[in-house]
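Just below sit the structures, each encoded as structure tokens.
In what follows, chain A forms one complex with chain B and a second complex with chain C.
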Partner chain A sequence: MFSKILVANRGEIAVRIMRTAREMGIATVAVYSDVDADSPHVIASDEAVFLGEADPSACYLNVEKIVAAAKHTGAEAIHPGYGFLAENPVFAKAVSDEGLVFIGPPAEVMEDLGNKTVARRIMAEGKVPIIPGMISCEADVDRLCSAADEIGYPVVVKAAAGGGGKGMRIVEARKDMAEAVELARSEALTAFGDPTIYLEKCLDRPRHVEFQILADTRGNVIHVFERECSIQRRHQKIIEETPSPALDEDLRERMGAAAVAAARAAGYVNAGTVEFLLDGSGKFYFLEVNTRLQVEHPITEMITGLDLVRSQIEIAAGQPLRFSRQDLTRRGHAIECRIYAEDPEADFMPSPGKILFMRSPEGPGVRFDHGIQTGYHVPVNYDPILGKLVVWAEDRPAAIERMIRSLRECVILGVKTPIEFLIEVLSSEEFKSGNTHTCFIRDNCAAWKPDRGEDALAAMGFVAHEMAAPSFGTSTDESSTKSGPSSPWQTLGAWDLAR
Partner chain B sequence: MEVIESQIDTAGDEYRANYERMQELVEDLKAQLKKARQERSEKAVKRNQELGKLTVQERLDRLLDRNTPWLEIAPLAAKGMYDGKVHGAGTRAGIGVVKGREVLVHANDPMIKGGTVYPMGVKKTLRCQTISMENNLPMLMLVDSGGAYLPLQSEIFPDSDDGGRIFYNQAIMSKMNIPQITAVLGLCTAGGAYIPAMSDHVVHVTGTGAIFLGGPPLVRAATGEEVTAEDLGGAMVHCRESGVSDYFAEDDAHAMQLVRDITALLPTVEKSRVPTRAAKPPLYDPKEIWGVVPKAISTPYDVREILARIADGSEFLEFKALYGPTLVCGWTYVHGHQIGILGNNGVLFSDSSLKATQFISLCDRQGIPLVFLQNINGYIIGREYERGGITKDGHKMVHAVSTATVPKFTVIIGASFGAGNYGMCGRGYSPRFLWMWPNAQIGVMGGEQAADVLVSVKNDQLARAGQPPLPSEMVDNIRKPIIQSAFNEGNAYYSTANLWDDGILDPASTRDVLGLAVSASLNASLEDRNQGHGTFRM
Partner chain C sequence: MEYRVRIDEQVYPLVATSMDDKGRCTMGPAGEPEPVVIKVVSSNHVRLEIQGRARSIFAARSDDGTWIWCDGRARVVKDADLEERRKSRAPGATAREITPPTPASVVRILVETGDRVAKGQGIVTVSAMKMEMTLTAPYSGTVTAINTSIGAQVSPGEILAEIAPDDEGDGNE
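Right after this comes the complex of A and B.
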């Protein structure tokens, strides 16, 4: 087992990985940029290496600097977290070239699966159902149009190197193709450095259901149940749950088997996620493989009791899986809400700034993985995720109520957050009935505005009044000898006429 | 208690204009205060450093408890007098906290004219002693003075309220059991030598502190003897041989520590109990007073708007709200202390005078401190009112104010003209403290009225001599200088320079000042007051 690992990430996920490392007796190295010098992930580490300026290319995306930091500190392995370099095969290769261990799949697997058209081809060959569409890239609008005619509108323009909803455009009709392609290509170029795109059929209100995969170096591949991540905004998940309300045991078996087959087809090693779209008739299609730890991995941990990061590290260290598929049981229901610094009233645009006050939700079945603190400045430079609130309860209704309760306990002031919005979604009859799909927010919450009733206004007025009240100076020990009633001589502090 | 609901439109043009004007006055005030504290000649600064002495501010910083209020008294006394550089009449004085104990501190500033005492300096020292006596505050004196400023000795020495009175008061204060602690941080010459001598505790700094009845120059002149100040009256002489001083201090800082230690040993004083409750801030920002006070002193406004920005929680229980409405009376709390407050909403009539008399009498019987907010042009005049007995009703109010023995506090927030000044507890009526706002004016009457009176008197004289009244250009020639001098001698700075008040306040700080002053006043017992009054003319 490693004695020291470097975590090439920041924020809540870096903190989360370091926690497991600490439990395993592994020392941790953090890396940071100048805006993150006092971030919780730096504080959580055993040692920290400064990378450079805030711009991601100078720090968390800088392969050379990160590998050098690992060499310098004597770290034996690098955990990439999610985002940044997590799915970058060049990085994975650079790490192994330096004789270090990359905690994730091999670079070539990553490269294959990272290209969506290649991945689709592999899956098709492995008899995994794929979404009708192209299995190669195309830049010519006319040819794209004729492909779309074949697939049938609406279609989705997707970046081959894509992920996280970037470089994705839905095209309803032929006339919109040129513009969508243009936008998707430029977005893909900015986000992934690769403008290539392809087309897929756009399914009507599908669910997003994904399977957690664990594969060791000995050829053992298992799935650790599903996660449903249908509630999305801007093509990004914000509420995830497991088990999916749409799966029965039979479907779960079939999809799980497909996921394992997909992993085997790709020669997958370490933790990964096979994503499917599931339509209303119970048909499912391969979407993509995420070759990393998912943001929403904690809900799987909650229902199985596993520590997926521990599994990742053990697999990377060459150890076999410590359990088989049959050993795994799941219990209860888990939900995760992502809490970003973003404005749900303004199309979820990022809302960076200083966190003036925060209070974590607590209590039974609550897990809050976050990387913030009161006084923390949410930088503009990175993904504005603040934390992930995860709850577990015995069944779905109880988990929903627990999540609502926890969200109400969660206070983050100073930046905008979707907390109120999340409560609204969770409280809706549609969500409670399990009728979730990837267009849920568009269909049900498009015109959402926070309820600014008079009660809330009155409460805010009261708080503002209390906060605006003149603050009394602190009395020193020397002046605290009181005789008689409280006196401004003891409460006014360093008061002076001339001030 | 009811909450005062402000009618002020803080978004309006009038408010903004008022605010900007008061802001200007307050900024000027702060600049003047800063100048008085800091403007010292380079020579004096250098000399002080060479002697290894601390500045007055440094002495105060070491003496007073950290992070506690400092209520300075008459910081602009003597402003504009002499050569304009005798800031604060050459001294710094105020109420502060030492070892948790409220004390009155009086410090000579050796960097102003070598700490020599000017006539206004004597007046300020006497005022401090009065405050100390009335409020039972220990008096800490930081002495560093070259003695009387000889060119003005005739204004300093002979009269009843001149230099000698200081030592008389020290003896009386000692008899009243008010602790007096003196730190000798420089010269205490001649009369000045009695300041330590008449104190209970004397701390003496070696090397710089000296006490003698005649200094080396006088000794040389009188006897031809050559002697140094240290040899004549230094710490070693007085702590070891003469017994004039009690505590030997190595330097200023050590002396301040010793004064603190001595203060800590003083018997504790149980403050007089007045009705109290937990303090809370007003609902309206006190700073809004800036926008409430009209630019012209003659423009009437509702004094309740001021109360709303002074009183705890802006709460006010009004007494006789519907009777005598030109005077607002009622109860409130300031910094948790109950007070009875009187504020003018116009000239005083018979009914408002009677209301005031009853209210003052009530507060006095109940032991509730009185606060007067003066904005008064006087009592109503005219045939009807004279026949209605305004003079005897005004008398009742003046009588009640005079004989009330509860602590009284006066803030002149606007006009203070004529007998209104008396009825509303002007300086002559022994309020424990009296302050002015920078916009305030004081005088027998307003400049315009005085000018009118003089013109009309002149015309009467001319009429009696059978001559025509004054032509209009002559009228202007008479009026202008009268109005000008009324302003020059009636503005807040003229008043404070002459120690007619204890200082000029930023109106926004009125609440804090009142809280501090009421609290400090309670160091004196309310129990053994000589309550009652004389005969009221009915």
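Right after this comes the complex of A and C.
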């Protein structure tokens, strides 16, 4: 087993990986950019290496600097987290070329699956059902239009190198093709360094159901049940749950078998996720394989008791899986809500800024994986995820109630978050009935506005705080750096809160 | 004490008596204040008990007002009286300006100085947190200045391009 690993990421996922490493007795190395010098992931690490300026290409996307940091600190393996270099085969290869271990699948597998058109060909050959559409890339708008005529509108323009909803646009009619192609290509180039795109049929209100895969270096491949990730905005998941309300045991068995077949067809090793779209008639189609730890992996951990990061590290160290499919049971229901710095009233526009105050939700069945603290500046340079709130309960209705309770306790002030919006989605009859699909937010929550019914209470709360605040002396602005008459408590507060 | 508390467009006039040593006082709209109990939990947390039902209120002050949290709802709450005293300038016609809605970086400039542009035409594309958005012309006119460049880090309020309107009488004001 490794004695030290480097985590090539930031924010909540870096913190989460370091926690497991610590439990395994493995020392951790963080990397950071200038805007992240005081970030929770740096604080959580055993040692930290400065990479460079805030621009991702100078830090978290910089292969050379990260590999050098691992060599310099004596780390034996690198965990890439999700995003940034996690699905970059060039990085994986650079890591192994230096005699280090990449905690993830082999570079070649990543390269095949990272290219969606290649992945579609592999799956078609492996008899895994794929979504109707192109199996090669195309840049010419006229030829794309002809292909779309054949497939039938609406179609989805997708980045071949894509993932996480980036570089993806739905096209309803021929006239919108040129602009969608331009935007998708540009976004794909920025996010993945590769602008190539292709077309797929846009299915009507499908569900997004994915299977967690674990594969060791000895040829054992198992699935660890499904996750339903249908509640999305801008093609990015915001609420995930397991088990899926749409699956019965028979469908679960068939989809799980297809996921294992997909992993075998690709020669997969380590943790991965096989994503499917599921239509109303129970037909499912291969969407893509995510060759990384997923953002939403904790819900699988909650219902199985597994630690997927531990499994990843053990597999990377060459150990066989410690359990078979038959050893795994699932229990209860888990839900995750992603908490981003974004404004649900303004089409989920990013809302960077300073966290003036935060308090984590607690209590039975609650897990909040986050990378923020009071006084923390949410930088403009990276994905605006603040954390993931995960709950477990004995069944779906209890899990929904527990999530609503936890969201109410998840205090984040200073930046906009979707918490109020998430509470409304979870409280809706449509969600409670399990009728979730990828157009759920568009169909049910378009032009969402907050409920003003309790604003009068907020006004009274403001007055109560104004009346109560003087008891803290003249420097009542506890969240700012304004200096007032100093007491040990204020000094401690500023030190504790701000940095 | 009388307060005029503003949340977005709505002003709530409230009256409150001072707290006794147990935090008891009355508070509410003028003419119908109710007995309440205020318990200070920390500098950011008060417990407000109204007729036997307690709510936890979290608060944090900023330059724009106080962020108030109650049961998952966050509101920026302002003292309307204080605001009026501080009011220095009329609200600008921000909707008529080419400015990013959030801190962002410029990825494309779609027009040049001297170009004629139609209302709704894309002017500058910016990217924030890996998401791209195109800022469009609020009215038809001629581009008189481009005040930014590709790669520049820009903030709300920063005017990225200036457009002279076609006709003063187009009724947009």
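Descriptive notes on the structure:
In this text, the second predicted complex is superposed on the first by the 455 of 499 C-alpha atoms of A that agree within 3 Å, B and C clash if a C-alpha of one lies under 4 Å from a C-alpha of the other, contacts with A are read in each partner's own complex, and residues count from 1 in each chain.
The rule we apply is simple: a residue touches a chain if its C-beta (ideal position, glycine included) is under 8 Å from a C-beta of that chain, and two chains touch if they have at least 3 such contacts.
These figures come from a predicted structure and were not determined experimentally.
Judged by the touch definition given at the top, the superposed model places A:C410 against chain C, while chain B stays out of reach. With both complexes superposed, C is the one of chain B and chain C in contact with more chain A residues. In the superposition on chain A, no contact is made by A:A447 with either chain B or chain C. With both structures placed on the common chain, the touch criterion links A:E466 to chain C but leaves chain B unconnected.
After overlaying the two complexes on the shared chain, residue contacts for A:P384 are found with chain C alone; chain B is out of touch. Of the two partner chains placed by the overlay, only chain C lies in contact with A:E187; chain B stays clear of it. Common to the chain B-facing and chain C-facing surfaces of chain A are residues 465, 469, 476, 478-480, 493. Those residues of chain C that touch chain A in the complex are listed here as 1, 3, 5, 7, 10, 12, 14, 16, 18-19, 25, 27-29, 36, 38, 40, 43-46, 48, 50, 55, 57-62, 66-75, 77, 79, 101-105, 107-108, 125, 127-133, 153. The touching residues of chain A, counted against chain C in their complex, run 166, 183, 186-187, 190-191, 234, 346, 349-352, 356-357, 359, 380-384, 404, 407-408, 410-414, 416-417, 419-420, 423, 450-452, 454-469, 471-472, 476-480, 493. Residues of chain A touching chain B in their complex: 465, 469-470, 473-476, 478-499. Listed in rising order, the residues of chain B touching chain A in the complex are 30, 33-34, 37, 65-72, 75, 97, 99-102, 268-273, 276, 278-281, 283, 335-337, 503, 505-506, 509, 512-513, 515-516, 519-520, 522.
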